[in-house]
């Protein structure tokens, strides 16, 4: 009896896994490597602190200007505000990036592309919702074309409110993300 | 070229197609055109009256009158007069000749009017959706009786 | 469309919607034979927000906030076009002081937009440092704007019949401090553009748009003026106090990428000159006309029924609003005629036969603002 | 007095080689740090500041992060090539390293170059190995099955084919002048007069061709971030990206070393400076490495001060300008030889 239950449980687990993996089939060109025993073990030791130190100090973000906030995003990465001071640099390829910044309204047409960018990024990865549009729809909350409630689709770690937020606010958002990573409370890694 | 001469020349050339003309000010004139002959009128405007700049083309929906107006804003690089040319179409089956052969840049305007209002353009080279995702085609969101607005799905509203 | 025509040894590259060359997302599908572009098409709508529909459901005053976000680099020109429509419909008089303040903020907005566009262009041809320099100057200009309007890029500053605030007390000194630096910087950019041989190789005779073709495509703004057509709405159809101001329409004749950049450089100088004139000529007086029913504190206002088309000179060209009012407190229909919309349509014909690297150079030199195309 | 025999033991030499590998890794990290700080300085900003004093440990953080990232192999990629290509790239760079001396120790009047091996045809060998790295880059790009990568790879090949020729001819003229294919002998042949004085034209052509060889701006068409996302390395994540990235910087260091060895006099110093025992051990190497760092900084600074050529212009430059100039230089060197200079 127990055995049967167990196998049934296993079966459903397998099916669930398949169902999970199935989601990635619509993203051609991506295969996932799951976390292995070593990294599971490391998570319980002090080594993870060192890893987190490295990760928090090297947050590379995708250049993904999507609206008004996108312009502030560009300004933040450039001289004057200079996120490079914190080791945060813009990368053009999602494959090299750690942080996805949703910098504006996500439309129904753009959502698949944004999801694909997110899937192309290697984990551990984090999301910053930059600006009111990404958080709640902003001034376009009632539009027929935008996709609301982006935080249900992406595991957002930091919300930066403002319409658009100033560059300082984005830097503050990055600092908050660093604090979260250091405290192991971020949603990018499973502890 | 001043506004009155333009109006006179236009209604002189197309007495049957141009009606309801109006001079609002020295630089703004208004005319309505029968939808069948819009291409000829546009060609005349471009070639003889130097209205070589199609500023814009869009639709306005009037459910009360059961009409969709297609408005052409035609101006010129040489003189400051802007002509508002209107073609009135039935709301159930709006169809009009495409002006792409005359004004090349009408291409996107017509595609957009098509997807937002459902105005069919005859002889348009590539009539498909421009800004909306494909699955939204057929909803005509900018018509006044569009049901999907306002969108009530937002949850995090402050 | 393109997929059907792919020949042997050709491939289609989808550039965008997430791509570093784009200030906002759009997609360029290019059919390549080796490095050469055979054919291309532009796909739009990745950030279509339905602003025209939203405006129909907002009161006139609420609309100002929305039109700010049509193009985040030219928010004040958008506001001017929108507010101008309402003022024309309702016959609202704008006091002279308010008009001067409007000219000041709009020209500042033009200045920062061109600085960003030019720097971005430089980074597209591989010179990232230039982008950093222009952003640095832009921050100074933005702080000037910030001191007047209280915001960096989306201002909500104009009101029907006036402006929200007067210019702050120390503004003249700030202008005197910032502008010489910007002028010097612009001179050095121009120096570099005209002497650096790699720049010249990448810009001269690249993406040539002739005047006839540009007119045919409905282009306006710097890309058109670079072909030698002196089409500037500030001169042709003066609004605000532009009639009283002394400035020239900057044109070039070559129509290539280099000319477009040069026009922007010249326009920045003119903008600064205009602002300085405004500060000298500006009369004292109220921001709103006396006993007007409209103004700063009238959230609900009814506008007489009618239709109007008002156009202004955006940093990128002709920005026009067509407004239909039915006498209620909300506009019946607003159509936004953006300048980048036709400019972006020129890309497919211009890109025929160029190399992949020039796609970025040409698209960058058009200074496209995707948000405004999509609205 | 001779050096102790043990130093010539193959095992000891192997260990020495490993030390050199470690050193070059540290050097590459330093190069990245220099690049970020120098670019920041040129661009009127600070660059890394928060991680360690003046961001010194920034690269450690980056390395930790990159080496613990998820390793994604795209579904449609050629798995074997995808895995092997960065290793080949790194390998080719390290194979170059084998033949390049890192300086010299002058001991009792004799010069002992610090190099893992000494071979008679080392300059030829370095050229050959440097060409292998192109294959590495092409494999990286081709295996990823990405169109941007593929375009980057094509550009890489077009550029390399153009620039290997003038580069080779410049090396040949240097070899003719020194009368040897051994890079150590070439370096020592410059003891009275650096080759940059004798063949300035060759130096210029060599540096330009070498820049193209290393893929530094204005010749980084294979990467060209604004058009091709990241070019040949677009699809690579984490550790593999790190390997490619590091290989570039090691290539940069080796290129700077080649410039110093072939044209800027290597480690040669006037004899009175090296007659002292301690000075003789330290000074030549320090002098050599100092010059290498200066050349490297120059190349880095150049990257942030120029725009990028288009690929057809690059190829034009190579075949129409550099090739004739390098041939001219070769003729000049032969003429000098006939005149007996």
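Annotations
The letters A, B, C and D name the chains in turn, as written, and every chain counts its residues from 1.
Here is the rule we use: a contact is a pair of C-beta atoms (placed from the backbone, for glycine too) under 8 Å apart; a residue touches a chain by one contact, two chains touch by 3 or more.
Just so it is clear, the structure is predicted and the values come from calculations on it, not from any experiment.
Core chain by CA centroid proximity to the global CA centroid: C. Between the interfaces A-D and B-C, more contacting C-beta pairs are found at A-D. Here the CA centre of subunit B is 63 Å from the CA centre of subunit D. Annotation: 37 Å between the Cα-based centres of subunit A and subunit D.
Computed from the mean C-alpha positions, the centre of subunit B lies at a distance of 24 Å from the centre of subunit C. Per-chain Cα centroids separate subunit A from subunit B by 44 Å. Shared interface positions of subunit C, i.e. residues touching 2 or more other chains, are given as 19-20, 45, 48, 50, 53, 57, 132-133, 136. Across the assembly, subunit A contributes 78-80, 92, 109, 142-146 as residues in contact with two or more other chains. Each of the following residues of subunit B touches two or more other chains: 131-133, 141, 146, 149-150. Against subunit C, the residues of subunit A that register as touching in their complex are 62-68, 70-72, 74-75, 78-80, 92, 94, 104-105, 107, 109-110, 113-114, 117, 139-140, 142-146, 163-164, 166. Here subunit B touches subunit C in the complex through residues 27-28, 52-56, 58, 60-61, 71, 73, 77, 80, 82, 84, 103-105, 107-109, 126, 129-133, 141-142, 146, 149-150, going by the rule given at the top. Here subunit A touches subunit D in the complex through residues 28-33, 39, 50-51, 53-55, 57-58, 78-80, 82, 84-87, 91-93, 95-96, 98, 120, 122-124, going by the rule given at the top. The touching residues of subunit C, counted against subunit A in their complex, run 17-20, 22-25, 45-51, 53-54, 57, 65-66, 69, 72-73, 116, 120, 131-133, 135-136, 138-139, 152-154, 371. Of all the residues in subunit D, the ones that touch subunit C in their complex are 39, 42-45, 147-148, 151, 154-155, 217-218, 220-221, 224-229, 304-313.
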